[in-house]
Every structure is written in C-alpha cells, then in structure tokens.
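Down below are the structures I want you to see.
Each of the next two complexes has subunit A plus one more chain, namely subunit B in the first and subunit C in the second.
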Partner chain A sequence: MDFMLTKQHEMARTLFREFAEKEVKPLAQEVDETEVFPRGTVEKMAKAGFLGIPVPKEYGGQGCDILTYAMCVEELSKVCGTTGVIVSAHTSLCCDPILTYGTEEQKQKYLPDLASGRKIGAFGLTEPGAGTDAQGQQTKAVLEGDEWVLNGSKIFITNGKEADVYVIFAVTGMIEKRGRMSKEITAFIVEKGTPGFTFGTKEKKMGIRGSSTYELIFTDCRIPKENILGQQGKGFGIAMHTLDGGRIGIASQALGLAEGALERTVEYVKERKQFGRSIGQFQNTQFQLADMATKVEAAQLLVYKAAIAKNTQKVYSVEAAKAKLYAAEVAMEVTTKAVQLHGGYGYTREYDVERMMRDAKITEIYEGTSEVQRMVISGALLK
Partner chain B sequence: MKMNIAEYKGVFVFAQQVDNKLSGIALELIGKGKDLAKDLNTEVTAVLVGHEVKDLADELAAYGADRVILVDDPELKEYRTEPYAHALSSVIEKYKPEIFLVGATAIGRDLGPRVSARIHTGLTADCTQLDIGDFPMNPIPGKEQLHNQLLMTRPAFGGNTIATIACPEFRPQMATVRPGVMQKAPKVEGAKAVVEEFNPGFTPDDKYVEILEVVKSVVDTVDIMDAKILVSGGRGVGNPENFKLLDDLAEVLGATVSCSRAVVDAGWKPKDLQVGQTGKTVRPNVYFAIGISGAIQHLAGMEESDLIVAINKDETAPIFDVADYGIVGDLNKIVPALTEKLKAELANKN
Partner chain C sequence: MKIVVCIKQVPDTKGGVKFNPDGTLDRGAMLTIMNPDDKAGLEAALRLKDEYGAEVTVITMGLPKAEEVLREAMAMGADKGILVTDRVLGGADTWATSQTLAGAIRNLEYDLIITGRQAIDGDTAQVGPQISEHLGIPVISYAQKIQIEGDSVIVERQFDDRYHVLKAKMPCLITALAELNEPRYMTPGGIFDAYKADITVWGRANLVDVEDSNLGLKGSPTQIAKASDKVRKGAGEKVTLDPTEAVDYIIDKLKVKHVI
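Up next, the complex of A and B:
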C-alpha cells in the first residue's frame, strides 16, 4: 500500500498541468461559446505525446501506464472538460481496442498514426434504439466476397467527423444462445473517407460543447474483409471490455472537473467580501468546502485505484464502474456547490464554474450511465 | 306530440351540389341509401336543391337514385342556411321519408341540425356506419323491441368510443354521414329516375344571409399537425430531389409531406415539417412512413396515427413494429407504383 506518486508520475503531472494552464485554459471559454473543436490544441497535444500515453513505444506511443494517462485527462479536465474527453475517447475507445484485439498488421497499420496524434480515433456503438441496451443494435454488416458491407447509423459519437479511425460495431447474424436467438455483434475498423460512410447531425449539447458529437451514417459502406477487429461474433465482449477502460478515462475527466471547480471556489471565497469579511470566513462556506474536498479526494483514490487495476489485473470492470459512478456524482455535486458559493457571479458565463457544472452532467451519462455502473457493481456483488 | 310513424316511408338523401356540380358525398349517400332501402323494401330518393340544376338528375339516377325531388329556385343558387333549411323541411313535411341522410360536409353539418330542429326529430352527426336493425339491439324484458330501425354509429370523444344511436319515436331518422366512408354504387350509364319538381316558395326575409364574396383558396402549406394524411420521408429517400416521389403521392391523396429529423439535418426540408420528439407530434388518419427506420424518437411523434403504412428496404426496421401495413422493398419502385394505383382507383371512385 503506497499513496505516494512515483517521481515519474509527479513529473508527468507537472507537464500536464503546465500544458493545461498555458495552452488549454485560455481557450476553454471560447471553445465552449463557439462549440468549435479545438483542432489547434489537439495538434499541440499530439506534439507533446498526449495522444498515445498508454500505447507501447513499439507502436509509436509513450509506453506509460494507465495512471499517467488518467492524470493527463484529469489535468486537462481541470481547465476544460472538452479537451479531457477528446483525449479520453481517442485513447480509451479507439487505441485501446486496436491494441488489445487487433492483429499485428492492424496494430502496425493504425497505432503509430493514432498514438502520434496524426490521426484521431473514435468509437461507434450507440444507436437511436440502442443506448444502455447495447444489444439492441440495428446496424448490419454483411460479408460480400472479400468486403463487409455496412448499413445503419450510430449516434452521439464523440470525436465524430473530426476522427479518422472508427471502431464500429454491427450485427453480423443471429446466434442461438440457451435456446434463445440473439444478435451476433462484431467489431470493425472503419476509416473516414470510405465511400458510403457519411456524417449526419452534429448534436447541440448542454456541456462539453467543443467536443464534436456526430451521427455516423453507413449506406452500403464497403470495408475490406481484414478490417474486422477481433473475431466475428465477439463484438459485444470487445465493446464491454473497451468501455471498462473508457470509464477510467471518464472518471478522470469527472475528477478533473470537480478539482477545477473546487480550486476556483477556494480562490473566490478568499477574495469575495460580504458583511465586512471574506465569505471564506463564514462557517457555512468552510463546511461546504470541507465536504467538497473530502469527496474529491475519495473520488481521486477510486480513480487511481481503477487506473492501476487496469495495469495489474485482467478484469477491472468493478473498479472502473465504482470510480466512474462516484467521480461523476461527485463532479455533479461539487460543481453545483461551486456555482452556489460563487453566488450570482457563478451563474454568469464570465466565470468558469457554470461551464464546469454543465460539463459535469455528461459524466453521469456517457460511457455507461450511473445506473449501468450500479448494475455492474451489484451484479458482481450478487454473483 | 306523437307522430304517426307508420306514415313515413322511404330513404331520402340530400344530394349536395356546389356550383352545379354534384359533390362526391351525394353519390356515396345514394349508394348507402340503396342498401338501406333494400333492407326496408323501399326506394331511395335524392333531394336536389339549387338553381338550374335539373340536368344533374341523370347523374343521380346513374348512381342508383330511384327518384329525384328537384327544388329549383334562384334563391338557392348558392348555399345559404335559411332557404336551404326551408327547402328540405318542406320536402320532409310533404313526402314524409322514414330516413333522411345528409353528408357531414361543412354545408351538411350546418344544414342537418337546422332541419332536424325544425321538423322536431333526432339527428346523429358524423356517422361512419348505418344499419337497419332492432332497437334495443338486445331484448330488454318489459320493453318492446322495435324492428327496422336505423342504427346510426359514430365515433365519439375524439374517436375513443363508438356510439350506436337510434331514433325510435320520431321521423325521419336523420343522420349526417362522414364523407369517404360509404361506397358509391357502380355507375349505370343511361339510367333514368323519376324527377318530381317541388317548390315550397321562397320569401326572402331578414333571416336570409347576403353572400358578399366566395373565396376559393388553394392552400399550399398545411400545418402538418392539422393534416389528415401525411406522407413522411426519412433518410432512406436518399436526396432532396427524390422527395418528388413523395410529393406526387401526396398530391394524389390530398396529403401533406412531412419528414424525419435526419431529413431536416441534411437540409432537405425545413424544421417545421419534422415529426418526432424534437419536432411535431402528429395524429393523422393515415401516416406513410417512407424510408424511415422508426427510431423511438420518431415513433413518439406519430405512433398515435390511426393508420400507419411503412415502406422500407430493411425488414428488421423498428417502424414495422408500429405499422398497420408494411412493404419491404425499394421505395423508388413502390412509391410511384402506389401513386399510379391510387390515381386510377380515385379516378374510378369519382
């Protein structure tokens, strides 16, 4: 049991923090207001190696552990929730499944570009009729000769349209399981620019407004046979396992949002005066901050534990689910209180905390809602 | 006041005409009237009201009228409540029909209640089914069961319940009938009917409305929430030009074109035509879902439609779960074929 970060981790954290303060923070408000994907920041992050942190060096990544990657998302999210999720979706939902399930050829082909940030990745699982119930997929893939033909659509895809490489799930047939027919789901790698692969709606969101969330449309989209990821019919397991990792990324984003809001609130209450003294001198403020700080630290320990578990354990679903559930709910609570402690100013867009509150809400919803996390945790308890 | 019910005989229908042209409902009522008359072993009589409309009698005969009563007077050139109500009431008082049917058009809904009040009899509005049968329908001990009554069925409470109504003690039994529900009889060319002219006399008084102007407007954009028939297209339509197929179908049916969110997002149609959770909620009588997969967000906006017809190339599309009728196939082939078939069918009907 050791709660001290190693020297390397400390150095990495300092690097992330400096980058966030210098490159990300000044743009956070503008990115939110204009809803524009921060392409320039992404290019700078690529140069700094932030887009391949847990990818091994032989595939062009940094070869660091998951904790380092989690801290990167955390530090970015302290100043900008949008930037945090861009890194998280790219790393956890696209690089990771290719690294885990890809053939050597696929890894050689895709990972160097992804890890270096020359290309951005995304993950397409959700459909209008298949959110929490991911089995309810309608997108189909049919093998014709040596090509898979995809038809259907995906919604709410983070990094959609901006990304170059997509991990897509589709129904490839029906299989009988315990006397019941169920869908056979398979994962594929689909590249932007493939004929028949287009983008639909851009979602107008409450928060993480610079994150590009698009609908993907597949109309007789033909991809080479070798673009199947993992084995045919193993797609559902691949999706679930990938999301376990993704949840650590989102937990880190939620943690960063909560920490960022807490930091700003502490500064604010020291300066703001009412009744002849700073509002930090009122006991209500003090107790609120104490609760916020305690919950943030509890969340941090859960998130770091899950990050380490991904490096050291074969299965880490429960650790990831607990981390995401708790960190997301703490983020929502802490950002809401941060707005309150800022008073009327906190409700204006001039201050960062209202944006953080809007950004926090999504962490309770995407990559598995809080309710899904509770299903995972209780399922393991009652096995 | 007890009327002598036995005096009343025959089925009469109001043969609505506008601008000396018979309305479709007039022929539908004759068709239905023939069936009722057959059950009662009597004849069907069309009451033709207007000015210089005598030559319409042959058309009424061709569609099955045994007799035409013609009330022709300059005062009846255009529809006005007072002279028309006077004309029909006078016809009823003189000829004593057992049944009197009026189309539930704007004119008929105005005229029917006036006449029934004047004659002091019952009227059922907007009927969708008419039968000859017993009243009460099931015998009730101690209550006489009357035979050969007109049983008038109509939807009530916004279509949530169906009421069957009889008018046992007064004559004629009057109903206004929803257009499009009853079938015309096959046309018999050259058929002739007995034409009786009858004019009760018209004295214009201050109850007579003065018509200043008749405006005939062609409505281009119907609010999709008011449309009775919607032809709705989704992403499967492929491109904005291809919506012409839907426009053609809509034109034949007198329908309005609407669409799914995907179509609005693609910039093919304006947002005010969007059906669904973030668009408009519609409840037409008929909803054609063409190239729409049927995500729940769309279904939420249209599943209350009375009748849903789905056309989609994917047989597993969720739209088929809510559709009453579905065709699996290429809409580019199906929609034009459907349009042609409907065109032919409607030409036959008129």
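Up next, the complex of A and C:
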C-alpha cells in the first residue's frame, strides 16, 4: 500500500492550485455576491483542458485518470465551491454517461465539444416529486415516428441555463418487475435550442450561488430517435451508475471546501490577537485545528480511494458513497468550526469561511443525500 | 523552424533560501519554479510554433532534479527536453554556464534560440548574450514582441522610455522579458505525456568545443565572497495627509532621527 502521489499527480496538483489561486480565488466572493455564472473562468478552464480531464484523447479529452479529475475539483473548490461544482456536474454527469453509454456516433458528436469546453454539460434527473426517490419521475417521453416527444420538467439542475448538452431521464412506459408494475425509465441527450425545451425559474440558493441552478421545462419537445442514451428502459441503472461517479466529484468538492476553510483558519488564528496573544496559542484552538486536520486528511484518503476505484473496479458504489458521506459531513463540520474560530469576523461576508460554510451544506444533499449514502453503504453490508 | 529555449529552475521566492557553505545556492533543498523570464521565452516559442509551425526544444543545465522544469515545459507544449548535468559543471557563474549551454547547443540544429532576460536568483542578464557570443550569432535582448518574416525575426526591444524595432537574420538569439506575454498553463494530459516522454541527459562529454578550464566552479571568474538571505525591512508607516501637512510631518520625522 502506497500513500505517495506520483510525480505526475503532484505536478497536476501544482497546476490546479496555481490556476485556482490566480484565476478563481480573486472572483470567488464576487461570484457568490452577484450569483453570476463565472463564464470567463469556465473559458479559461476550457483552454487549460480542465473540462475533459478523464475523457480519452481520441474524443478530445485529456486522457487522465479519475484521481487527476478529483484533484482538479478539490483544488478549485478550495477557493470557490461554485467553480468546483461546475466542473463536477459537467464532467461526471454529462461527459461520463455519454462516454460510458453513448454510441460511437454520439461520442464523436458530443464529446469533443464537451471535453474541450466549447460546450457545457448538465444532467436532469430530479423533479419536484422525484428527488431521493428517483423512481417518482413524471417527465414522459413518447416515440412518434422518428422522434421522441418529451413532456415534463426537471428542477435543481446545475449548469442549468449555461449548458448546451443535457442528459435527461424520462418515463417511456410501464414494465412488470417481480410481479409489480414499475416505471420504465430511459436516458436521452437533449441539446439546448431544441423547440419545446425552455427554462423555468432560477433557484435562489444558500450557497454555490454562481452555479446557475435552473428548472428545465419540456413541452412537446421533439428530439431525434437516435438521441436515446443507452438502451430503452435502462435509464434508472444509467442514472444510478452516473451518480456513483458524480459522488466522487462532489466528495472532491466537499474535501476542497474543508481544506480551504482549514487553510484560512490556520492563517487567521496566527494573526488574530486576544488577551495579548494570538488565538492560535490557546489550547482550544489548537485542539480544534488538530481535529479538523485529522478529519480532512481522512476524507482525502477516502476520496482518493474512491477515485482510484472508479478506474480499477467495475463497481465502486460503496467507495463513492463512503467518500461522499464522510467528505460532505467533514466539510460541514470543518467550515462551521472555521466560522466559530473566526468569531464575529467569520460571520461576515468579508471572510471566505462564511461562504464556504454555506457552500458546504449542499454537499450533504445533492447527488444523493447523506442518508442515501448510508443506505448504499449499509445495503452492501447487509446484502 | 527549430527553436531552442534555455530555461532554468530557480528557487521559488515564496519558500526560504538556503545556501551551501561556499556561498552558492543549495538548490536541492529549495522549492523551485521555472524562471519567469524563461517561461515567457518558452511561451513566445510555443506561440511561434502555433502560428508558423516549429519544433521547440527546451534545454536546462542543473541538478538531476532540474528534469522537473523540462517536464513542465513539455507539459506546456515543448517537443523535446535536454538536461545538461554533471558534477564538474556545478557552481558555475554566468561565464561557465554560457560556455556549457553553448557547448550543448552546438549539438543541435536551430533557427532561433530564446532565453529569458535574466534569472531571479542571479539577476545578471548575462547568460543569453554570452551564449550568442560563443556561438557567433546575433542577439536581440529585452524582447517584448517577436515576429517572423521569411528568414528573419523582427523584435521590439524594450528601452527605457521607448522601444526599438530590430530585424535580424536567423539563426539568432533573443532574450525575453516576463512582460512579453502571459504564459499558458500546462494541460493535465500534457503533464502525463511529458512524464512518458524521454528526456535527453548530457554530461561534460557531450559538450562540443568547450575547454575544461571554462566549466564549473573552477572555470568561473566570479567567486562568491559571502551570501546571505535578504533581511526583511519593516512594513513602514503609512499616513494620509494633504501635501503641506505631509511635508511638515516628514521634516519632523527626519529631525527626530537627526537626519536634518
């Protein structure tokens, strides 16, 4: 067992950190305040190859492993949770399912534009009545001649209005499963600009406020028959498998937020003086920092293990669930403690830890709540 | 077109500076980066490659660890990397360094050699022009813009309050300023490719037309008498006053310190 990163991964981390410090960090506060999607940063990331890290070179990607991608999301999220999730949703939830389930024609058509960042990707599964219960889908797709006709809506979609290519799930019929009728779900690729595909309201969120979270509305939206992703009726499996990968991205985001908050706090407690000495000299501060650092490192090991598992194992649901569960809860705990150690200043929007605490909360909720991760982990134990 | 870019691994000024007992830098013990002027030179070469098509070879002289800076250059888009490393080359000043690099470059075909203006550790700005002298080719220093026209280069050379436009036939050597451009980032895939690529490693035996007496610490006319880390000055005092008050304030301060 080897805990050393390769020189390649070390150099990649240097690259991501330099980019994050120079291009992302100076805008993080403004992105949060204005709730504007950081288009300029996305264009710079596209140029640097950050939007196709695990996509093979034959499809215009960087051809790197999942660990490199996870480190990218981690380093971006250290300074800006919004930027981290933009890359994560684009890569894990749009590029990955097209790469895994797409036909050769679909891969050739969509991946070069997505991996180069000329186009942005998104993923539409959640509906008003179908969050954790993904089977509760209401959006329908009916085959009429050579076209699928979509009707329904999706909510809380990351990269919502900014994306160009969407992986959308819809009910295509009813099937009998173990004596019970259940919905047949199918995945589709939908392009922005397709008649009948419009955007609803923009969500006003607690955190990751620049990530453009929108409602997607499909009204007699006709897409070509060949835009079905994978086989008809296999959508639920595609969604679950895609989310396994997505959880590694979100776990990386959570990890980055925790690391960023810890870094800021270490800097702050050295400078902040109370009772004639820096607050870092108080044992309470020292013990809090020790706990934070220990948990952050444990989270990092789980996240990296899950990232490596996605490259080496066919099934990595449990590794991804453990990484996301732990990293998200550590992110929430560490950012909360970071605000506490910053005192009154930490509660103001002048300091990054306040934003990080708000950004961290969503990591316990999206792409499977912490409760869902516990279901996945315990389900494997009790199988 | 073939372009050779000379790059140097230098201490990262964000990390601490460490010295050997002889006053030279203990490069093995410090955090390092690619020298900023050299990085701009590399970016200039890569832009020429993008625009006109070129093969870009990066060359560095240093410890075996300096291989990292070649990999970084290749991850940015350089095609080949050459590391010149040998114990007998250690402790070189600008004369011995330029002799070494010229001796290595004599093995290569080139139309253009680009170096940084100066390295942030030595700050001499001598190595680039010295290489051109050893190789007997023209040099244009302090380049802030580079264009190719046929078999010539047209360079804007920065000057105090203006710039000069100079034209030289290739092969020639150009020294680049960090202000020349904004260097591109490495790409993630480029990093992995760079580590798969072979780096050519040359030692003393590979240097062409160079005397031993011009190499390493022994071949260096400059000897370091003493070196020390920079003593940091205090942050100073900032006050905001109107001009008349400010003059009185400064005069008072100078009187208190018995300067006037």
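Throughout what follows, the second predicted complex is superposed on the first by the 383 of 383 C-alpha atoms of A that agree within 3 Å, B and C clash if a C-alpha of one lies under 4 Å from a C-alpha of the other, contacts with A are read in each partner's own complex, and residues count from 1 in each chain.
Everything that follows uses one rule, which is that contacts are C-beta pairs under 8 Å (C-beta built on N, C-alpha and C of every residue); 3 or more make two chains touch, one makes a residue touch a chain.
Everything numeric here is computed off the predicted structure, so don't read it as measured data.
Steric overlap between subunit B and subunit C is absent once the structures are superposed on subunit A; the two fit side by side. Of the two partner chains placed by superposition, A:T369 touches none, neither subunit B nor subunit C. Judged by the touch definition given at the top, the superposed model places A:S116 against neither subunit B nor subunit C.
Touched residues of subunit A were counted for both subunit B and subunit C, and C has more of them.
In the superposed model, A:G129 makes contact with subunit B only, not with subunit C.
Touch criterion met: A:I217 reaches subunit B, while subunit C stays clear of it.
Once the two complexes are overlaid on the shared chain, A:Q138 sits against subunit B while remaining clear of subunit C. Once the two complexes are overlaid on the shared chain, A:Q340 sits clear of subunit B and of subunit C alike. In the superposed model, A:G49 lies in contact with subunit C only, and not with subunit B. When the two structures are aligned on the shared chain, A:S278 is found in touch with neither subunit B nor subunit C. For the pair subunit B and subunit C, the model built by superposing on chain A gives 41 Å as the shortest CA-CA distance.
Once the two complexes are overlaid on chain A, none of the subunit A residues touched by subunit B in the first is touched by subunit C in the second. Chain contact summary for the complex, subunit A toward subunit B: residues 127-129, 138, 140, 151, 153, 200-201, 215, 217. The residues of subunit A lying in touch with subunit C in their complex are 6-8, 11-12, 15, 18-19, 47-50, 53, 57, 61-64, 68, 72. Interface of subunit B with subunit A (complex): residues 235, 261-262, 265-266, 293, 295-297, 314, 316-318. Residue ranges of subunit C in contact with subunit A, taken from their complex: 68, 71-72, 75, 184-192, 195.
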